[in-house]
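Input: structures, listed below.
In the two assemblies presented below, chain A is common to both, partnered first by chain B and then by chain C.
Let's look at the complex of A and B:
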């Protein structure tokens, strides 16, 4: 049984080499990429810090890297660290006052909601540099070759698959490290009884800032990769309320208390979006958002642990012997 | 070891605590008493760092701690309990207490040591220390014990025990009082015990500070305080019988 995850991982890593079509491969890359982003969100979200502002970090990752490349010819390899620093600064600027003054729960969610919208509006307002709501494409460096390491551009989807796979695995590793740390217990304690946590010496502000930083940086990396992979971003796809809500929905649908839950959520939201698109085309514009909203309510009521969380629980209940399902 | 000087706390226009001063000597159990609304909980929260004083100083082991955040105060060596227990409900008892041991000491112990200290603290208050023991199912007395264990795991030199024993019956109250005495005797922890019922407290405290309307109205040995006309007036003799009973239960107290 212990070898099972590794076998599945090997199968996943080898699957594209078996002559997978372009479209399934594209979907797989998307699932892993968004799975990583959702994992990053859940690292803090499952500890009671529900953020609707992660669109801002996604947007910083995507736009900073693309803008630096387009305007100054700065390689994404340098642009990404710059974007990370910026995302960290924004995370601290929004996090510190919130945590210092005990803005928690719904109020925290509202503050972060504003953040993601500010990011979107900024991108739109700076249209001379960002292309506004029409979006922007990183200048191609693929005129002579099928790949450009400097520009982080690869025309071969396989390359992207392995990049994204590695990043996704790194995300799961971060989750595991956080999970095994005393800080996770402390953050759970904080989410239940913040004052009592302080009274036993836990530095509430510092721990919350730490986890927010990890989460923001992961999301920022996800945004940068998304822009490079798609070779196109627009404000709605990487910033604003829409994408931030979608993140929360995906995570809740997949299950944020188990390690693979966010990835399952990413697969679920992508499949849902794709099938809606195939069924209705682009004629019904806000249909997907409406359905997300409805399903979000249904999930919260009937399956609060999400698809994977609920499924694991059902399996555990069926088996007479308690399996040490250490997926979390 | 603790010296409170003229601390004042103003909420809006209301002086909840007005120039309160008292000292706590190492190894004693000090009863901080007074009727509801007398400012004892506020005083307690000022010492614990849950509130910042509007004025005055609080010196603990030679360091002014007035206005320090609660998490710092905990690491300086002051543990506290809550009047209404605030357990981390979704964590096991052991994790509840281990967190205190891990984060609440001036020098952070290893994880193994923190868990060993947590088991020790749980044992001291006679709560189960297995990994599976949960908070659910603990009664009022059990939750009080958990509060104590969590505070003790920070290895405090001074324990602030906010013991509104309201939810407990008489024998549980007696047991809680004996537990505080046992903690002082075995661990050498100095204790400030906040209470509004005087009876059971009289059994174990060495000295009392009585507050009323935010001011200290009496300080001294239990029976001296209990016979103080000002204190009797404040309590309107409501539990005079209980007080006498508590004093009668004191063992080997010649004064």
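Let's look at the complex of A and C:
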């Protein structure tokens, strides 16, 4: 059983080499990429910090990198660290006062909602530089060859697959590290009863800030990769309330309390949307999102732990764990 | 330097009128939050449904405008009650954040369903009211009406909550949700009624918005975020605070939009919102 995850991982890594079509490969990349972003969201989301502001970090990652490349010819390899610094500053600016003044629950969700709307409106308002609502395409550097390392542009999807796979694995590793840390226990205590946690010597503000920082940076990386891979971004696809809600919902569908939950959520939502689209074509516009919305409501009411979370729980209930595993 | 600028004055006055509209938008959301302790993220989508209803009653079925509007208000009120009964009620015992998220699901659903049913074309009921011109300043007639209706709605709400038995029950339950069942009040009935009332207020907002804006499935997104922020700025559930906050926000948008582009007005308003949250997390009008 121990080897099983590694076998599955190897199968996943080798799958595209078995002559996978371009379209399935594209879907796979999307699932891993969004799986990584959703994982980044859940790192803090599952600890009671439900943020509707991750659209801002996604937008910073996508737009800072593309704008620096387009306007100043700065390579995304330098642009990405700059975007990360900016995302960190924004996360601290919004996080510190929020946690200091105990803005939690609804209020935290709505304050962060303002943040993601600010990001979207700023992109629109700076339309002379960003292209506004029409979006922007990174200037292509692929005129002579099929890849450009400097511009982080690769026409071969296989390259993207391995980049995204690596990043996704890194995301899962971060999750695991957070999960194993003392900080996770402290944050869980905080999410249960903040004042009590503070009174036994847990530094509430610092811990919350730390986890927010990790989550924001992961999302920022995801945004940058998304922009480079798609070679097109617009304000609604990487910032604002729409994408922020979508992130939260993907996570809920998959299950935010288990490590692979967010990825399952990303796979589920993307594949559902694609298959509904293929099934009904474009004749019945928005039927896919209607069903999607309906399923979300049902999920939250009847299956708040998500697909993977619910499934794992069902399995666990069926066969009681050995005593040693329970104690672990 | 001329400080008194006629266009600036116009922007300020138009901001005042916009404030009335925003105040009305926040009224229903505030009521529902104050009583049931649930934020309807899909509130603006209820307004959108109301706008479509009025469009169909008036333009497609050819009803008189006022009748169409009354029917629209009624329809959204029923939708509000249904929202509570079928969506909110099952998660009332769950974690608070689930209640927020489930209405977010309703947002997605309503937006997509409206696209499916009505298409993405912009629709307009084709009623154009002439602006009122006073001196060099012109006022938008629909905004003036919205301002008046918002004030009247606020007043009616106040009288209803203070002077009627049902209003007293609503206030009581918002103060202590746990003890009211022991006093012989059926909280669910109060919740359903409040939801219908909140829905009705969304319907009323829809009546005023159809006079000014085109109808399309995503219109909720242009009003939704600002409405939540107004409610939070005023102190969630605090109607007077929401009213004040609406006017502050409207000034930022209107005057900011006058000096810069409209988006900058919104950006400034949102930045102000975040700054205020840190200064007074309980809302500008909150007590303690």
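Here is the rule we go by: the second predicted complex is superposed on the first by the 303 of 328 C-alpha atoms of A that agree within 3 Å, B and C clash if a C-alpha of one lies under 4 Å from a C-alpha of the other, contacts with A are read in each partner's own complex, and residues count from 1 in each chain.
By our rule, a contact is a pair of C-beta atoms (placed from the backbone, for glycine too) under 8 Å apart; a residue touches a chain by one contact, two chains touch by 3 or more.
Predicted model only: the values in this text are computed from it and were never measured.
Q: Pick one for A:186: touches chain B only (first), chain C only (second), both, or neither.
A: First partner only.
Q: Return first, second, both or neither, reflecting whether A:241 touches chain B, chain C, both chains, or no partner chain.
A: The answer is second: A:241 touches chain C but not chain B.
Q: Once the structures are superposed on A, label A:195 by its partner contacts, choosing first (chain B), second (chain C), both or neither.
A: first
Q: Per the contact definition in the header, classify A:301: touching chain B only (first), chain C only (second), both, or neither.
A: The answer is second: A:301 touches chain C but not chain B.
Q: Kindly classify A:209 by the partners it touches after superposition: chain B alone (first), chain C alone (second), both, or neither?
A: A:209: touches no partner chain.
Q: Using the touch criterion from the header, give the chain among chain B and chain C with more contacted residues in chain A.
A: Touching more of chain A: C.
Q: Please work out whether A:105 is in contact with chain B alone, chain C alone, both, or neither, and reply first, second, both or neither.
A: second
Q: Once the structures are superposed on A, label A:118 by its partner contacts, choosing first (chain B), second (chain C), both or neither.
A: In the superposition, A:118 contacts chain C only.
Q: Chain A residues touched by both chain B and chain C?
A: On chain A, the chain B and chain C contacts do not overlap at all.
Q: With touch defined as at the start, can you tell me which chain B residues reach chain A in the complex?
A: 48, 50, 69-71, 74-75, 79-80, 82, 86-91, 95-96, 98-100, 102-105, 111, 114, 150-151, 153-154
Q: Taking the complex as given, what residues does chain C use to touch chain A?
A: Counting only chain C, the residues touching chain A are 39, 41, 87, 90-91, 94-98, 100-102, 104-113, 115-116, 119-120, 217, 221, 224-225, 228-229, 232, 236, 260-261, 263-264, 266-267, 270-271, 273-274, 277-278, 281.
Q: If you look only at chain A, which of its residues touch chain B in the complex?
A: Where chain A meets chain B, its residues are 182, 185-186, 188-189, 192-193, 195-204.
Q: In the complex, go through chain A and note every residue touching chain C.
A: 48, 50, 94, 97-98, 100-103, 105-107, 109-111, 113-115, 117-118, 121-122, 124-125, 240-242, 245, 248-249, 252, 284-290, 292-294, 296-297, 299-301, 304
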